[in-house]
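Structures follow.
Here chain A shows up in two complexes: once beside chain B, once beside chain C.
On to the complex of A and B.
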C-alpha cells in the first residue's frame, strides 16, 4: 500500500516513524511539509527524509505545490495530517477532494475538514468508491469509530458522553487533587506543554465541541455544526466549585454530550460522581456510548501524542487495505 | 442471512428477541433447546417459538438430534449458545465442527469449546474458508475482539489486564463499600441472582481464567490452557485486607492478567489505586490493553446479561455478513 503523507509535524512524524519501524506493508511515496515536497514512486527512505527535515526544516524541494503533488504522485491513500484550520478547513479540504477525485482513499487526523465538510467529503468518497476514514480526529488513540462500525453494529446509539480534551481534563484534575486555582493549573499545564500559549481553543470547549460534532454526525448523520453546540468552557470555574463537588463524592469534568432524544448537543463542566467510569485523570480522554443492547460501553485512552495518533491512522490504513479491493 | 440457533436459555432468548425486534436482515431457520428442535427454511416465527417454549418448556419436537438438525437445516451461520461445559467442551465442540465442516460460519458465546479447542476450531474454520467468531465469550457486551482485530490493528499487544468476572467484582465492591465480610457479600450476590448456588466457578477465578486463556490465545496464539493460569480466588479475602487497601487510597479487585514478556498468566486479587481506570463498580467488567502505539486502552461495560450478550453475537453476525461472500 502506497501512501502520500501531507504534514510532517508531530502526527506526520509519528506515522512516518511507525511505517519505517514496523513491517506493515506500507510504503510512503510522497511527502509534503509546509514549505516543500518529496516524491518517489519506489518509496521514500524515511530515515533520510526525517534527518533532512530535522537538519534543514524541509523534507524536500520547493517548486511543486501540494495539490500538484497529489495530482501527480503514485499512491493508494492520502494521509492528511497537516495543521488543522477550524475556521475554513482549508487547504486540507482541497487536498482531500483532490485525492478523492483521483479515487484515492483518504485517512486524516484533521478535525477542521471533517467538522466543516464531513458530509460533502463522505458523499464524494462514496461516489468515487473509496474510503474516507478519520478515527484520529476524535479521542486520539481510542478506536471509537471502529467500535461503532463493527463491535457495536446492530446497536442503536442512544447517547454519547465524553471527555474529549486532555488539556481541560489535566487542569480540572489538578484543581481537584491539589486545590489549585484555574490560573495556577493552567500555568502548570503550559509549562508541561499540555496547553498552548493561547489556550482559548481548549479551555473554552471549542476543541471538544468540534470532536462532538464529528462524532454526532458520524453516528446520526444529522448535519450538526459547531454553532449547534451549546458550549461553556472551564475558564470561569473556581476552586470553590470543585471543593463543593468533592464534598459530595463528586468532581467536575468538561463533558461533551450528544443526546438526540433530548435535543442535547453540549460541552460544559458537569458534576459527576468520582467513581463514574468517565472520571479519568490527567490528560486522558474517555467516552461512554449509551446503546440499546450493549447498554453503556466506556472507552479510556490517550487523546493525543505523536505515536498514539499514528496508531489511529495506521488502524484506518490497515482497515482500508484489508477491506477494499486493490486499485491500480 | 439465515442462522441456526442452538441453545434457548438467557443468551439464546436474547438473540431471538433482538432478531425479531430489529430489522437486521437475519432469519432464524433452525432452533434447538436441550430437549427439542424446530426447523423452517422460510424462517421460524420467533414470537410463536418463544411463546411455545414458555408454555411447554420446549421449542419444538423431539426425534431429531441437534447434530442431525445441523446437518440438514438451511443456514449460513450457526449461533452456538448452549450451556458451557468447561471440562470437555462437549457437545458444543461437536456441533461447531459439524457446522464448520458444512462450510457454515459459527458464532458462539460458549467458553468451553473455545478455551479447550480454540486452536483446532480456528484452523478448521480457516481450512473451510468460513468465520469462527466468539466476541461474546469474553467480557459480555464489550467488543474487545473487534477492537483487537480492527481499531488496534498494527499495534503490538504487550499485556492485558482485566476484570472479567462480574460476580467477584460485585462481592469485592460490596466488601469495600459497606465493610461486609466475604460471606455476607456472597449471600447478597446470591439473593440478587449474581452468584450461583455453587459459586466455586466464579469465586475461585476459574471463569476469569477461562476468559483469560481465550483472550491470550486469540492475541498471541500461544496455545495456553487453563492449567497454565496461576490462579487465586477471592474466597479467602478478609474484610481487613480491603480496609487496609482503602487506607492507602487503593482497593482490591480480582485481576486477570497476561504479560508475555514476564511469563505471567494469572488470575488473583490485586491491590490497585482507586482512581485506576480498571476499578469499576458492581458487576461491570473492564479490560486494559497495553499496546506499543496506542499505549493503554481501557474498555468498560456489562460482562453478562441476555440482551448485552446478544449484542456481541449480533455484532459478530453482522461482521460476517458484511465481510464474507454470500454462500449458497
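On to the complex of A and C.
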C-alpha cells in the first residue's frame, strides 16, 4: 500500500518511524511538511528522509505545492496529519478533497476538517467509493471508532461520556495529588510538554468539545457543531475545590458527555467518586459508551503521543487495505 | 409509620396495598412479634416514600381497611447531592444563596464546608443539598444553576449515573 504523508510533526514522524520499523507492507511515496515536498513512486527511504528533516528542517524541495503533489504523486491513501486549524479546517479540507476526488482513501488525525466538514467529506468519500477514516482524531490510541463501527455494530448508542483531553486531566491529577494551584499545575504541564504555550484550546475545553462533536456526528449524524456544546473549562478551579471534593471521597475531572435523549452535549468539570472507572491519572483518556445491548463499555488509554497516535492511523490504513478492493 | 392491625390472614397485604394505590414506594417493612403483646393484633413499621400531598389519602384508605395508625414518623429528605461552588461567595451573599434553596420548602442545604483564602481571592465551598424526591432535587439544582449564573459563580455538579 502506497501512502502520501502530509505533515511531518510529531504524529507524521511517528507514522514514518513505524512504517520503517515494522513490516506492515506500507510504502511512503510522497511526503510534505509546512515548507517542502518530496516524492518517489518506488518508495522514499524513511531514514534518509527523517535525517534530512532533522538536519535542515525540511523534508524535500520547495516550489511544489502540496495540492500539486497530491494531484501528481502515485499513492493509494493520503495520510493527513498536518497541524489542526480549528477555525477553518484549511488547508487540510482542501488536501482531503483533492485526494478523495482522485479516488484515493484518506486517513487523518486532523480534528479541524472532520469537526467542521465531516459530513461533506464523508459524502464525497462515499460518492467516490473510497474510505475516509479518522480514528486518531478522538482519544489518540483508543480505537473507539473501530469499536463503534464493528464491535458494537447493531447496538444503539445511548450515551458517550468521558475524559478526552489529557492536558486537563494531567493538571487536575496534579492539583488533587499534590495540592498544587491551577497555575502551578499548568506551568508543570508546560515544562513537560503536555500543554502548549497558549493553553486556551485545552483548558477551556475546546479540544474536548471538538472531539465530542466528531463523536456525536459519527454516531448519530446529528449535525452537531462546536457552538452546540455547552462548555466550561478548568481554568477557574481552585486547589480548595479539589480538597473539598477529596474530603468527600471524590475528585474533579473534565468530562465531555453526549446524551441525545436528554439533549446534553456538554464539556464541564465534574465531581466524581475517586473509585469511578473514568477517574484516570495523568494524561490518560477514558471513555464510557452506553448502549442498548452491550450496556456500558469503558475504554482507557493514551490520548496523545507520537507513536500512540501513529497506532490509530496505521490501524485505519491496514483496515482499508484489508477491506477495500485494491486498484491497479 | 407504625401500624397496628388485626393478626389475621391477609391483613398485612391489605395494609400494604393502599400504599401502592396512592403511588407510594415501600422502602422497608419491619414486623416483629412481641411476646407481651395482645395476641390479636400485629404491630408493623413501614418506611415508605410518598409523592407530595398523598399522605391524607393514604391515612383514609388505611382506616377503611381497619388498620390503626399508631404513629407517623418524620418526613425524611431522601435525595442527597453534593456540589462545589467557586467564586466570590461572601461578596455575593452566601446566606442568600443558601436561602434560595431552603426557602423552596422541598429542598434544603444540609451541609456546607468552606475555604477562606486571602481577602480578594475566590473562595470554594462544598454544599450538600437534600430533597424529598428526585423531581424536587432537579428543581433545586435548576435554582442553584440560576443563582450561580446571576452571581458569576462556578458550579461544579457531580457526574450522575447516566442510565
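We adopt the following convention: the second predicted complex is superposed on the first by the 328 of 328 C-alpha atoms of A that agree within 3 Å, B and C clash if a C-alpha of one lies under 4 Å from a C-alpha of the other, contacts with A are read in each partner's own complex, and residues count from 1 in each chain.
Going forward, a contact is a pair of C-beta atoms (placed from the backbone, for glycine too) under 8 Å apart; a residue touches a chain by one contact, two chains touch by 3 or more.
Computed from a predicted structure; not experimentally measured.
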{"item": "A:193 touches, of chain B and chain C: first, second, both or neither?", "value": "neither"}
{"item": "First, second, both or neither for A:314, with chain B first and chain C second", "value": "first"}
{"item": "Chain B versus chain C as contact partner of A:249, first or second or both or neither", "value": "neither"}
{"item": "Touched partner set for A:159, first chain B, second chain C, both or neither", "value": "second"}
{"item": "Chain touching more of chain A, residue-wise (chain B, chain C)", "value": "B"}
{"item": "First (chain B), second (chain C), both or neither touched by A:272", "value": "second"}
{"item": "Touched partner set for A:290, first chain B, second chain C, both or neither", "value": "second"}
{"item": "Contacts of A:63 with chain B and chain C, given as first, second, both or neither", "value": "neither"}
{"item": "On chain A, positions contacted by chain B and by chain C", "value": "296"}
{"item": "Chain B residues within the chain A interface of the complex", "value": "18, 22, 24, 135, 141-143, 145-147, 149-155, 274-275, 277, 279-281, 284, 286, 291, 293-302, 305, 307-308, 310-312, 314-315, 317-319, 322-323"}
{"item": "Complex contact set, residues of chain C against chain A", "value": "82-84, 86, 113, 115, 117, 122-126, 154, 156-159, 162-163"}
{"item": "Contacting residues of chain A [partner chain C, same complex]", "value": "158-159, 161, 232, 236-238, 240-241, 243-245, 247-248, 250, 252-253, 255, 257, 259, 268-272, 276, 278, 290, 296"}
